[in-house]
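Structures follow.
Here come two complexes built around chain A, the first alongside chain B, the second alongside chain C.
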Partner chain A sequence: MQLPSATLLAQSALSGVFAGALYGLLGLGLSLSWGLLRQINLAHFAFAFLSAYLCYQLSAVGGLDPLLTLAVIVPLFFAIGVATQWLFARFSISTFNSLLVTFGLTVIIESLIQSIWTADFRRLESVYGNARFKVGALYVPAPELLTLCAALALSLAIWGVLRYTDLGKALRASAEDGAIAQAFGVDRDGLALLLSGVCAALAGIAGVCLALSQTLAPAQIYSWIGVVFAAVMMGGLGRPLGPLIAGIVIGVSEALTMAITAPSWAPLVSFTLLIVVLLARPARI
Partner chain B sequence: MSVVHRFAGALALLSVGVVLCTGAARAAPSGAPIRIGGTLALTGPLASTGIVHQLVADIFVSEINKKDGLLGRPVEYVVKDDQSKPDLARTLYEQLITVDKVDLLMGPYATGAILSAMGVAQRYNKVLVHHTFGIPSLAKYDMQFPTWSLGPDPATTFPNTLFDALAATPKPPKTIAIVTSKFPSVHFMSLGAREVAKKRGLNEVLFLEWEFGNRDFGPIAARVKDAKPDFVWVGAIGLEGNQLLDAMKKIDYSPPLHFHMYPAPGPMVQAPEAKGALAATIFEEHKPFLDNPGAAEFVKLFNERAAKAGLSYTGVETQAAASYTAWQVLTAAVTATKSLDDKVIADWLRKNKVDTIQGKLRFDGPSNYGDDLMRVKQVQNGRWVTVWPKSAAAPGATLQTQ
Partner chain C sequence: MTTLAATGQRRRETTRVAMALAATGILLAAVPLLGLPLFYESFLYLVFHWIVLATSWNILSGYSGYFSFGHGAFFGAGMYTTATLAAKFDVPFLWTLPAAALVAMLLGLAIGAVVFRVQRIRGELFALVTLAVTFVVGTIVLNTPIDGGPGVYLSGVPVPKLGPSPASSLYLMALVTAMATVAIAYAIYRAKLGLALFAIHDDEDVAEVMGVPTFASKMIAFAASCALAGIAGGIHALFVSYVTAGETFTITVPLTVVLMGVLGGTRYWAGPVVGATLITTLLYAFTAGDHAVAGKAVFGALLIAVILFLPDGVLGAPWLRRRERAPSEEAGGDATVATASVSAVESAGARAPDSRVASPAIGEPLLVASGIAKSFSGVHALENVSLAIRRNEILGLLGPNGSGKSTFINLVSGHYRASAGSLRFDGRDITNLDAHRIARLGIARTYQIPRPFAHLSVLDNVALTGMFGAAALERAAAEREAWRWLEFTGLSGKAAALPGDLNLHQRKFLELARALASRPRLLLLDEVLSGLTPGEINDAIALIRRIRDGGATIVFVEHVMRAVLALTDRIVVLDHGLVIAEGAADAVMRQTEVVAAFLGAPNA
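This part shows the complex of A and B:
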């Protein structure tokens, strides 16, 4: 068996880092809503794809720069997140029921996307699509680099807010014991609305990154669920840096598996890693 | 009455007669509709192609009903959404036969669902004409009829057609990389290509398999680049070919020659990096295909309707052509036998050739497959053109190498 070259390994690892960054970015809002709101929000993936299609529409048809669409998408999805949380609170939806309700919401959003954009493939051609840099022998594509930067910046920013600000402490206290936090003057319901809005806005940002690098089809909503859930669970619920780190570990492991052995073994990696982590540290869930 | 008046009166009578006669020949179909039932992947991962089949069915049914229908009766297509799930297709075909009581069946989209439908059709002794079954050896039912003319052993015959095309280029490839999805109908073709390549003396420098649904094609692209093959066989279905080419573009690599088994036709032809990509085809929108019965009219209608439906690629190629052929074959058999009896229809199909937009199809070979009519097409100047064999090539088109 011929050994892979150093360039091949490095380029593959870089590809894994970029794939992991997207897993991390998609998982960030999911992890926060699961860990801090106790909601398993499957609709997070549908929000991301709805955002990707909106980005496509505003850019490909409306002529906007894809990154400028964030000015529309982030507030819009924040509002959607707030509205969702308001409904969840209004009907006292439990953690388990949130899984069922958001699955239903996902199906509705998928149908909505298909009725507007059809089941046909949609590809956003933008100035970022063909841009790439060369660093030594390695090629760095611009859309993936943007995704990595966004994932890093958002994960660090949210980590900082949760760790060092009163808002973060209040959010963590609410997640720890909502009733006691409320007794200490924390506006638990208001914080839940805010956090849900932020999570949906994060899905919106992930959607723009998806639109920049992927060809879209409505049914692809479901193809990300498995690996992103693995990243969220490995990273620890409610931990903002967790999904990104776990995502990159999964992405790089999968990529190196593909570079060294048979690519068909790659899917085994993420779930084997998840099982190992759960066996070693069961308290992460 | 003057001669002029008499002549004018005769002319008027003649005109009325002509109008009446024409009307009689084009009488609107009447009576209870003939109900043809089937499922399609209208949602789920295969829906992007499923909608092409629905569009074709809509066109065919509306056109036949505009004429005199089938056996003088209108045709009704009862279509259900199998959500791209073969298990659901099985239930729905059962429902179509026992609850909806359709007169005839039309196949669903894609190998898995067709295999499910075949089992149900066999249980109820129904004819199943289907358009997109990729593994002929699995078609064991004697009343199933394939209209995707890939012959009984496409894993051998088609790679030979492709390698013949490559051998006829000024600089035939000497080394080959075979990278393939493990999606069943693609995987078996890739394994066949591997055998054929070996027999023809091509040096295999890389063989890789990935699971269907793979997201990161970066490492696979890097391995292909490292292997430096003269020719890459990409056993890809749907978007996979685009994903691999996109990953190759990101590392500044463009394979000298590359073939994609079943690409999503629109995204592939529209991607700049797919220039020169080769693929298999049974029909493209140019002569000599357009000379086949009904082809030009169908292409015109499909182009219009696909644009109206908002499809990103409005051309007719393998999927739409196989689908239209299925309707041509089923209705030809019904018309010829003047019967809706499945056994009578099946007997007729086994004994007769049918004129279709693909050419003449026969169903008397193993598993009711006829000739392998798959040709080689290439992306040239932003459109698909058939380049091999010469008899099927677009006027003036030849296989271009970089």
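This part shows the complex of A and C:
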């Protein structure tokens, strides 16, 4: 086996960082709703793809700048998240049943996407799509860089809110023991609605990043689940910086595996990592 | 009388189920002879296929609550074993099936051997580990000569001639496997193993302390579950005749299986059968026609509706369960339960097992703790405690909150592992023995805050320790034993109820009945009286005296001094994890150190 050149390795490590940023961005909302609301929201992926298709529609057909579509997408998905949480609270759904209900939701959204945009691949051609910089010997594509910045900014912002504000304290307290938090005057139900809205809005933002950097097809909703779950679990549930850090670790190790061996070996690395983390340090989760 | 009726009823039910299964099997086996269009056979094949997968999944995951998302891996292991043996080595197809079962089972056991030892991996974490294993196995299969990328064709593999056509042969194989799987799931459901798995589902730590060999139970259930999935995979390889890693090791198989189980009801042996039949039919009906996309959406909506309105599955639906609960509620007039215990003690005491006429004499040490210590990351809960508990005595263990009493009980019952020192029970070293082995040797305990198995009936809660504790009874005998102790504690009117329907007093007595049904030689009572009214305490004191007269040795942790003075032969006082006094209760309680420990130093 021949080792690729240093430049190639550095370039793949960089693309691993970018892939990891997308994992982290997709995982952020998932981790928050799992850790703080005890819901495993499979529909998070469907929301992201729905948002990606909306972004595609608004900019490829409607002629809007892809980043401006956020002005529509963020409030829309916030509302969707609030509505989902209302349903969950109304029927007091257990953690495991939340997985099944959101799977049902995913299937519905998938068929919705398929009936509007067909099962064919769609690719958004935008001003950002082909823009790239050259830093030294390395190419930096603009959409991926945007994703990384968004992931960093959002993760840090949410980390700060959870850690330093009263709102964050209330959220963490009601995740620890909802009934007790409520007894101390925390509006648990209101917070849950807010948090679920934020998580869905995060899915919306991740969707715009997806639309900018990836080719879209409805069936691809499922192809992200495994690796993003790995990032969420490794990063620790409910920890805002976790998915990004773990995502980048996974992304880089996958990219290096692909460069050194064959692309088809990549899942082995991420999932072995996940298993090792679960077995060795389950206390984190 | 009630006991015999219940046992007889169960035996009749078993016969009924066996006959129903046999009759269904024979009827369905005749389908290929009807000459129906091919479509029916392949549709029914798929139904049987999913019944095998969903039912086998349910054996571990539904019964014990360890939701596996790795069924794709076990199914795939079977698929690729058959594909490799049949297509590459020309092994006759039927011979590949045992190999498929074996490979899938070994894969499951290897995962279980690691994962079941890590205590924190339960619930969602188990789901993720097994899902990750699926992708790892899939990647390995894809990148090694087992598959290598292009997939494996089985078109050249001859289908064994069991029916009029190859399609009907496949149909018959799937039918036989489905019937066998359902029969195994039912047998486990009715066996001791089934009760063990349901107890693990509710509270694994308590199950272990009550004598359930939790690790072995999970391994056996996992092995059965994986082997059956492996066979389903082997048959399916021939059915689809082209196997690819990309379509086998996915999240789709486990998700479908989980949905089927949850839809039908994971607590019922027939639940996955109902779920698999419904979902396969729905998928077929909705996605086969011209409106496949709309059909998929309807499928998703139906799924949501079922989970929202029937969270316990179709078989858990209230209108089906009411019929089942009704007869048992008629059986017990429960109005007198709260006051029945004293008279029950009087009448049942004489019939208590091993009962002797007079209070037995106190003998040589039964349990000896030497220098036992327990610390939690630096905090010393118990330091260097040495004490002996003599046969047939009631030893009171006293001390302020946080003095180490409950820690001592947790150490003796095996719930905690000791940091230092040793424990000998009846001359045998039991330090750091697995909790279920300690229970088997004859040590039983109650929990200060009752921890009954929430989804098991009161009767099953008590019968469980009869089966897995020192008595090691068979299920029918354990139920007879359980009835006796329910009468003894005045709970027989609540035998069919769930623990959630009991009040605190009754739940405390359930703890007691559960400990007694194992016929322990050493009984550890952790504050059984706290929270009871003075009248209830009187009942309990009489009860405990009666238990000792039955031949048990008792360690009695209690704050109610009236009971301590009335019952104990000797007391040991702990403070900050150390023994500070020992002797007869009234004398010890006057010692200045003891008074200081409870009330603070006199001059403070």
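In this text, the second predicted complex is superposed on the first by the 283 of 285 C-alpha atoms of A that agree within 3 Å, B and C clash if a C-alpha of one lies under 4 Å from a C-alpha of the other, contacts with A are read in each partner's own complex, and residues count from 1 in each chain.
The criterion applied here is as follows: contacts are C-beta pairs under 8 Å (C-beta built on N, C-alpha and C of every residue); 3 or more make two chains touch, one makes a residue touch a chain.
Treat the numbers as computed from the prediction; the structure is a model and nothing was measured.
Using the contact criterion defined above for the overlaid structures, shared-chain residue A:Leu274 touches chain C, although it does not reach chain B. Of the two partner chains placed around the shared chain by superposition, neither chain B nor chain C is touched by A:Leu68. By the touch criterion stated above, A:Leu100 is placed in contact with chain C alone, chain B being left untouched. In the superposed model, A:Leu76 makes contact with neither chain B nor chain C.
In the superposition on chain A, contact of A:Gln11 is made with chain B only, not with chain C.
Looking at the shared chain after the overlay, A:Phe91 reaches chain C, while chain B stays out of its contact range.
In the superposed model, A:Ala217 lies in contact with chain B only, and not with chain C. In the superposed model, A:Ser264 makes contact with both chain B and chain C. Of the two partner chains placed by the overlay, chain B and chain C both lie in contact with A:Gln114. According to the touch criterion, the shared surface of chain A, contacted by chain B in one complex and chain C in the other, consists of residues 110-111, 114, 262, 264, 266-267. For chain C in complex with chain A, the residues that touch the partner chain are 67, 114-115, 118, 120-121, 123-125, 128-129, 131-133, 135-136, 138-140, 142-143, 149, 250-252, 255, 258-259, 262, 293-294, 296-297, 299-304, 307-308, 311. Chain B meets chain A in the complex at residues 42-45, 47-48, 50-51, 84, 182, 208-211, 213-216, 218-220, 222-223, 225-226, 239, 242-243, 247, 249-252, 264, 266-267, 270-271, 309-313.
In the complex of the two chains, the chain A residues touching chain C come out as 40, 87, 91, 93-97, 99-101, 103-108, 110-112, 114-115, 222, 225-226, 229-230, 233, 262, 264-268, 271-272, 274-275, 278-279, 282-283, 285. By the touch rule above, chain A contacts chain B in their complex via residues 4-5, 7-8, 11-12, 14-16, 18-19, 110-111, 114, 117-123, 130, 132, 134, 139, 141, 144, 215, 217-220, 223-224, 227, 251, 254-256, 258-259, 262-264, 266-267.
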